[in-house]
Each structure stands twice: as structure tokens, then as C-alpha cells.
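Mind looking over this structure? Questions follow.
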Amino acid sequence: MQVVTPLFHVLVFPGFLFLVAFGLFVSWVDRKLIAKFQNRVGPPILQPFADLIKLLAKEDIIPEHADRAMFAVAPLIALAGVVASIIYIPLWAPVALKAFSGDLIVVVYLLTLPAFALFLGGWYSANPFATIGATRVLSQLFGYEVPFFLACLGPAIAAGSWSISEITRAQDNGLWLISAAPLSFAVAMIALIGKLERVPFDIPHAKTEIVTGPEVEYTGRRLAVWKLAFLSETIVGAALIAALFLGGPHMWGLPYQAMPAWLTAIVGMVVLAVKILLIVFFLSLAQAAMARIRIEQMVQWCLLWLGIPALINMGVIAFVIRQVGA
Amino acid sequence: MTASAVLYHPVVVFTLCMMAGWGVYALGRALAPASRVIGGKLKTYACGENVEGESFPTAYHLYHAAFIFTLLDVVALVLGTVTGTAIVWMVAAYLLVGLIAIVILFKD
Amino acid sequence: MLDGLVKWARGKSPWVCHLNCGSCNGCDIEIVAALMPRFDLERFGVLLEGSPRHADVFLATGPMTRQIRDRVVRVYEQAADPKFVVAVGTCGVSGSPFYPGYNVLGGVDAAIPVDMYVPGCPARPDAISYGVLRLLATLDPKAEALVKEIEERYDTEGLVYTPEEMAQQRDPVEGARG
Amino acid sequence: MAQKYTIAAMAMELMESLLLRKRATVLYPVERLTPPERFRGRLRYDPEACNLCGLCQRDCPADVINVVRKRVEKEDGTKELTGHLEFEMDRCIFCGQCSHSCNSNAITFTREFELAQPDRELFMMKSGGPEVDEGECDADPDVSP
């Protein structure tokens, strides 16, 4: 039992299988929303699932000049990095499956793994488009990574802990940390667009100029794993922001004391799912409203207009805490 | 150290997830038709051009962003691993370093 | 059962890649129009992919010119199986009216095998939809039902009316003179 | 003052499209757009009206039409012109020149556009004219009606 439960958590729920299934659903919501914004009908609900099965059932090709091992392993690194971080994010209760001091740092770094894997996969594809895309992935990382990190540290300082579970539990009194760190929240949302490489920051993929960037040479199941990694990253990124700023599974006005434990868990899960969908709604809105910008515009704009507000918010929080604490 | 403490360790979770991803590969291998290499199937895709044996140099001009990223990220990591009462002073120092870095970036 | 699932998925998710073999851009624009909100091919799961490595269906436009032939063959070879080709527009179908030219080899099928021919100059977006649906009908039973419905409702047989069909025509001046 | 097109204004417009506007999509197989008035779709050939003059063959820029004329001797000794038209419709560019050239309104274009076929052979059409026994007639391409 001691072995089976963690294995179940990692591989089935809330780990791999659940994340993939929920990710497929959310990617349908995303595509349907964009279709609605464009006044069209959009795909049917099973569309992402059909895409996945079709990609799995396609022939596998590894280009002759590509590095075989790197080409095969890069998508797995991205997927594993994303799925692993779900274990440390609170989902149905204010405490995650596993919490330790500093798991915020671990999760933020696990979430950078897809970008590095994308770089490696693109670079070792030995393809002109993939090479350009790979360098763009890293350049874009310079832009969004630091503001995202800073924005995540805002609520951490406010709650006085580097543990996501502690930060979420600090919001159980109903005072969500978005009230203490509104600038950090805005920065985190915009940096998340960059992290997920979505419009307007889809510079590394840029279908209209460098085909699809780093994944040009990927076909079949390897492309399917890339897609799974990206859509689970959407979920995990949104869940992380929800846990840090929006109280995770907590919702005002719900009588948590009166509920049995299992009902609390279900309600918490539903509340978190709604929060994730709201964040995805914002992502779709941004995708429908904006166009792609250039890479050096993106890096400079992000460091300036995301970095400085996040720093200011952090400074204000630290100062207030010092005043209150003294 | 209990079994659950070992199994929830980030490295172990990461390895398990890698194996799950490999399971997706295995499923795909079971579903997909056998690969037939015909003609230039394995050649590098370059819009149909033949780019046999060429290297693709990339001109890179964002070194200053890379420099500042490294600076800030290392400082953030140091900050993240420090706990206790020193935290506020660390934040102040961090803010200073970050602001200096951004000023360097945009001074021209 | 797995075979059925795979077949269903293939019929549900045709990612198209656009292949210009020397087209005037007319049919290319109509392909884009077919993906736009008015016709919205994403209802059938069609996504426009840039790379042939991701694509299942090539929408090939234009007469096959001598210059582009090797490139088209290479791009076609680089796509993963199973793959299909739809020749869009009269140029793609037969190379007409450019086929007597010294630089034109004929239609798209002069270089790569073609699974569906969509004539038109340029082909209407809904004509392209019909072509793609008809191609999918070979994979997915549901798409087959859709195509049957179209065939029952509208006249889709052949390109010239037979005398019997002429006799059945109630309104002989429905068509327009050129 | 010119209206400033900000991201916020765009987002408002998108929300409006989400909540208020009707879809722009025509659900193709269920609904269908009627092509415009002078759209040229499937070719319509009326062998009764055709007098086999061959102007369409002469004017066709894509060599689609081939007029096959035959002269058949009747029982009372007079000769009658008959024949049929062959269409290689895979070459047709729907320019409408044939229907424009036709004096007897035998060729018109309908507005049907569902023309896709899986095989090029299916575009070869042979239409019109009474069936003629090949052996009994002497083909004379220069005959005029």
C-alpha cells in the first residue's frame, strides 16, 4: 500500500493520466473559445483526443542527420518535467501530495524544463528552421523566466514561506494573495503566455516564418508527446498561478467546516478546475486579440515592463512585512 | 525514510514520468504502421530543398539579455534557498541588483 | 477495436499541409478561405500545418512545373505515412491551360500520386470542403454518411449532364451564359 | 478624434463576439451557400439544341471540347449530319468561352460546384448525339451545317 498509493498518484491521479485527460479537455475548451471569438463553430469535443490517437498511429521518422538519442528523449524530458511538478501543487486541499520547504523553487525550475527540452530537441534535429526556433526558445526564456520567478516570489514573501502548500494555506482565511500582489499576478499571467509560447509570444514556433520552429522534424508519437507536454504545461502553469494568487482550491462562502472530507476534496478540485479554466480563458482572449511580436521586442519589453513591476511589488511586500513584523 | 518519502522525491517522480512518457511511445509503436524508408524520407526538411551536409550558423545578438538573465536567475536562486529572518535584507539586496541589471540593459 | 479507434481518429483529424507546385495563388487563397470563419474546416478537425512531417493531407495547387518537381517529390517523401494528396484547382488536376508549355509537366499527378481531384479555377472553398470530405469518407464512416447526404441532396455525378438528366431539368435557364 | 484601437477595445469586441454575435459559419453539408448569379460550375450541354458547328471547340482555350461529326445516309438517300461532343473536363478552367461562342445556346454553366472526383478518368465525358454505327458513316470534318 505504501508503494501503490504514490505510484497511483504519480501515474494516474493527479499525475500522468489525469493531467493528460484534463489537458485534452482544456485544449478543446481553448480551441472552441478561440473559434467563438472568431464567430465560427470550432472543433467537436473529442477533437484533441482524435488528434492524439492519430498522431500515435502515424509512422515514426527520425531524420538521418538528427541525434537519435536526443531527438527521442527531448519530448520525454519536457513531459516528465511538467507532470512531475503537479505532485507539489495543491489540488483538492490546501496541502499538496508532497510539500517541503522550497518546493516552489523546484516547481518553477521543473517548469523551465520544457523550454530546455525544446531547445535540445530543436538543436539536435539538424534542421535550419529548428535551429532558429531553438535559439529563439532560449532567447524568449531570458525574457519571461526572471519576471515569472519574481512574480512567484511575491506571494511567497507575503506568506513567509517558499512552499506552495504553505502559501496556499495562508490564503485559507479568504484573503487571497492577489490582493497583496496584484502587480505580481498580472506579471505572472503575462509571463505564463511566454512560458507556454502562445500568441503574442509564440515567436519560437512562428508557423508563418519558421514553420513550427523546434518541432519541425517531429512526426507521429514524438510530436504527440510534445503536444501532451504543452497542454499539461498549460494546466500546471495555471494551477500554480491559482495556488499562489487565487487561493488554490479555496472559495469564499463555502461551508468547509460542515462538509465531510471527501466532499471538501471534490469541491476543492472543482473550484480549482474553474480557476484553471478562467486562466485559460484569459490565454485564449490574448491569442484572439493579439498578433506575434519580434523576439528582441519581446525580451526587452518583458524585462522592462514585467521585471520592474514584479520587483516593485516584491519590494512593497517586503517593506510592509518588515513594518508589521517590527 | 519511508517508501512514500522516496517515491515523492522530485527525482523519482521525474523518472517515473519519463517512464510513463516512454509508455506513450510504446503505445504509438503498437498502433503505427511499420516505417518504410523510401527516397528522401529521412532527409532534412527544408521546404523541399536539398541541404545535404550543410551547417546552419545562427547570428545571435541578445547576449546582454542572456547576461542579465544569468545574473538575476542566480541571485533569485540564492534568495530562494535562504530562509529565516534574513529574508527581508536579501530581498532588498536582490531588488538593488535587479534594478542595476535593468539599468545596464536599457542605458543605451 | 484498436483498429477501429485508429480509423476513427484518422478520419476525424486530417491536418493539411499546403503545397504550391507553381500556382497563381488563386487556389491558395481559396484554401485559406476554406479555413476561415465562413467555412471553418476546423469543424472537421482540419488544421493547417506548416511542416509536411506533421501533415496527413497535402492540398496541392498549381501545374507541376519542371522547376518544382524535385522539391515536391522530396516534400511528399518526407511526410509520414499514411498520407493523402488532394489536387486543388484545374491546374492541379491536369495542368490546364498551361500543359502545352515547355516548363509544365502536367497536373500534380505528374510527380506524386493524387487521391482526390477538385476542379475549379479557382476551386470554391466549399468545393474544397467537399473534396476533403470525400477523401475522409474513405476513412471514417461518419464522413461517408455526410458525403452520401450531399450526394443525395445535390447533383455531384459527373461534370456534364447526360440527356436523361437534361430531360429531368425543370428549369432549363438556371445556368448562366458566359 | 480618431478612435484609438487599443488591446482593451479589441478584447471588448471579442467578448461581444463571444456573447452577442451570431456565428459566421455556413455549416456546409447541412446548409449551403448559393453561388453568385453568374458563377460557372458544372457544364450543361444540350445535344438537342447543338448543331455541331464546332465554334466551342475552336474557341476553347484549354482544348476541352472535341466535336465528333458524322454524316449518316438516310433511307431516302439524303445525308444527315450527326455526331457528339467529347469533353475532357479535367482541363476545363470554367472560363465560359464555349457558352459565349455557342450560337444555339447548347452549352450553359450551372451553379453546381461539387465536382471533386477520386480519379481523372471520371472527368472524361462523352455526351449527346444519337448513337451512330461507326461503319455506316463517313466522317467528314470539314462539313458545315
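Just so it is clear, A, B, C and D label the chains in written order, and each chain counts residues from 1 on its own.
In this section, a residue touches a chain if its C-beta (ideal position, glycine included) is under 8 Å from a C-beta of that chain, and two chains touch if they have at least 3 such contacts.
On a predicted model such as this, the values are computed, not experimentally measured, just so you know.
Enquirer: Across the interfaces C-D and A-C, which one involves more C-beta pairs in contact?
Expert: Answer by contact count: C-D.
Enquirer: Farthest from chain A by Cα centre, which chain is it? Let me know.
Expert: Chain centre farthest from chain A's centre: D.
Enquirer: How many angstrom lie between the CA centroids of chain B and chain D, rounded to a whole number?
Expert: 58
Enquirer: Averaging only over C-alpha atoms, locate the centres of chain C and chain D and give their separation in whole Å.
Expert: 18
Enquirer: Using mean CA coordinates as chain centres, what's the chain A-chain C distance in Å?
Expert: Measuring from centre to centre gives 38 Å for this pair.
Enquirer: Averaging only over C-alpha atoms, locate the centres of chain A and chain B and give their separation in whole Å.
Expert: One centre to the other, that is 13 Å.
Enquirer: In chain B, what residues contact two or more other chains?
Expert: Expected reply: 31, 33, 36, 41, 43, 45.
Enquirer: By the touch rule stated above, which residues of chain C touch at least two different other chains?
Expert: Residues 6, 37, 40, 43, 51, 53, 78, 81-82 of chain C touch two or more partner chains.
Enquirer: Give the residues of chain D touching no fewer than two other chains, as numbers and ranges.
Expert: Touching at least two other chains: 23-25, 27.
Enquirer: Identify every two-chain combination in which the chains touch.
Expert: A-B, A-C, A-D, B-C, C-D
Enquirer: Which part of chain C faces chain D closely enough to touch in the complex?
Expert: Touching chain D from chain C are residues 37-40, 43, 90, 93-94, 96-97, 99, 107, 109, 115-121, 123-124, 126-127, 129-131, 133-135, 146-147, 149-150, 154-156, 158-163, 166, 172-178.
Enquirer: Please give the residue numbers of chain A that touch chain D in the complex, ascending.
Expert: 33, 36-41, 285, 288-290
Enquirer: Would you tell me which residues of chain A are touching chain B in their complex?
Expert: Where chain A meets chain B, its residues are 2-3, 5-7, 10-11, 15-16, 53, 55-65, 72, 75-77, 79-81, 83-84, 87-88, 97-98, 101-102, 104-106, 110, 126-129, 131-132, 135, 138-139, 141-143, 145-146, 149-150, 153, 157, 160, 162, 211, 216-217, 220-222, 224-225, 228, 295-296, 299-300, 303-304, 307-308, 311, 314-315, 318, 321-322.
Enquirer: Quick one: in the complex, what on chain D touches chain C?
Expert: 23-29, 32-33, 35, 37-40, 42-48, 61-64, 87-100, 105, 108-120, 122-123, 125, 127-128
Enquirer: Enumerate the contact residues on chain B facing chain C in the complex.
Expert: That would be residues 30-31, 33, 36, 38-41, 43, 45, 47-50 of chain B.
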